[in-house]
Amino acid sequence: MHPAKGEKHWIIPDGYIPPTSAGSLTSHESVCVLNLSSEEALLNLTIFFEDRDPIEDILVVVPPRRTKHIRTSTLSKGGTSIPVGVPYAIEVLSDIPIIVQYSRLDATQAENALMSVVGYPIK
Amino acid sequence: MHPAKGEKHWIIPDGYIPPTSAGSLTSHESVCVLNLSSEEALLNLTIFFEDRDPIEDILVVVPPRRTKHIRTSTLSKGGTSIPVGVPYAIEVLSDIPIIVQYSRLDATQAENALMSVVGYPIK
Amino acid sequence: MHPAKGEKHWIIPDGYIPPTSAGSLTSHESVCVLNLSSEEALLNLTIFFEDRDPIEDILVVVPPRRTKHIRTSTLSKGGTSIPVGVPYAIEVLSDIPIIVQYSRLDATQAENALMSVVGYPIK
Amino acid sequence: MHPAKGEKHWIIPDGYIPPTSAGSLTSHESVCVLNLSSEEALLNLTIFFEDRDPIEDILVVVPPRRTKHIRTSTLSKGGTSIPVGVPYAIEVLSDIPIIVQYSRLDATQAENALMSVVGYPIK
């Protein structure tokens, strides 16, 4: 049995889905999760905005001993997904400890740009 | 009621507003803040330079349960704003715990470049 | 004698070897390790995937008072290496404390893109 | 009087000075330091390599209440500076607590690429 490692609560303040893609790659963001344990991890995501109420209770499962690179454009709740071109922030809660990294590929122009941060763990 | 989470004191040593933009995007930096609490957060920013005294007491409000992606070019105090093309550093103090990330889009050339860090929390 | 510093357990959730290179540079990732001590560090890496079992027990040695920037494309175990174009995650265990950073150069298009994070230390 | 804040010991495992520049910007790296205190900070840098002994005791002063964005290409000891195109790592020791971030601009190709990390603090 492999124990869970990391933290149960992670924050990414700078979320943004670039509205356009010009090159051979598509602009996208990923919330990259590693579940080191032998148990499934159940994630509950909240999306915060500048000028409207959060989208709450987006559920994602990460299988045991697996990583999951979650495209933020695939997240939705009750038919509402994250709008493109709008600043937002991400809160990840998990029932067991995990590790979270966030990366963005911006292909707004012909050549792509990349950024990445490890999420901020709330302890 | 949602409690405040994070830290009250954050540092970003590498600030820099690129002086020019060549592509379809404009060079800019953002200080991205998430306020998880049900209360407003009042931020007090200080801007440090290499060769002159800091600009102090720049005030920013982040509403409850909201994110704010603050363009550094919009910050000013007594008519003084951050000059472009000059290395500087940012200190963020908040009256309640928040989470801070810093991102820069450099569009000096036709294709953009991105970088991002979670701020360093002083505990 | 220089003591070991850092942590023995590091996580990088977002691994990805870009499948193509278009410019004068080759797409690659590096796991950058610093061993501050006067003793050799023995690393044991595990590679996690989204849809298959991990590759375990990849061994790497970092000499005393040296850095090692490990190209992930050079890692293999029993003839199995990390496939390109597939999301994965990296776990680094070391017998003595070290410090780990991860960087990716994406040269999929003519102009390169860079990202980097300090690994997440499990304490 | 402003107290010193941060840590006295910082590590950046992934250092690299790109050997060439093709665009209007020059490839470079910066070690960005913020000294929050009313006292001068005296830094002692060590540069680690993959295949040779470290360069030790490079001294840098950061004035009180100032930031300093140190170009790594300007660092030298006894006439020896950091060679371009070689993987290395950086250790920063300071006599008082400071905060350290590392950023790289790679202008190897016509369009620039950026990466940045907050250094890893040894506590």
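Going by the order they are written in, the chains are A, B, C and D; count residues from 1 in each one.
Here, a residue touches a chain if its C-beta (ideal position, glycine included) is under 8 Å from a C-beta of that chain, and two chains touch if they have at least 3 such contacts.
Which chain is which protein? Per UniProt: A, B, C, D = Sensory rhodopsin transducer.
Bear in mind that the values here come from a model prediction, so they are computed numbers and not experimental data.
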item: From chain B (Sensory rhodopsin transducer), the most remote chain by mean C-alpha position; value: C
item: Interface sides of chain C (Sensory rhodopsin transducer) and chain D (Sensory rhodopsin transducer): same vs different residues, half threshold; value: different
item: Interchain centroid distance [CA atoms averaged], chain A (Sensory rhodopsin transducer)/chain D (Sensory rhodopsin transducer), Å; value: 31
item: Centre-to-centre distance between chain D (Sensory rhodopsin transducer) and chain B (Sensory rhodopsin transducer) (centres being mean Cα positions), rounded to whole Å; value: 22
item: Chain B (Sensory rhodopsin transducer): positions in contact with at least two other chains; value: 110-111, 113-118
item: Complex contacts: residues of chain C (Sensory rhodopsin transducer) adjacent to chain A (Sensory rhodopsin transducer); value: 9, 11-14, 16, 48-51, 53-54, 87-89, 91, 104, 106, 108-111, 113-120, 122
item: In the complex with chain A (Sensory rhodopsin transducer), residue positions of chain B (Sensory rhodopsin transducer) that touch it; value: 5-6, 23-25, 30, 32-34, 36, 65-69, 99-101, 103, 105, 110-118, 121
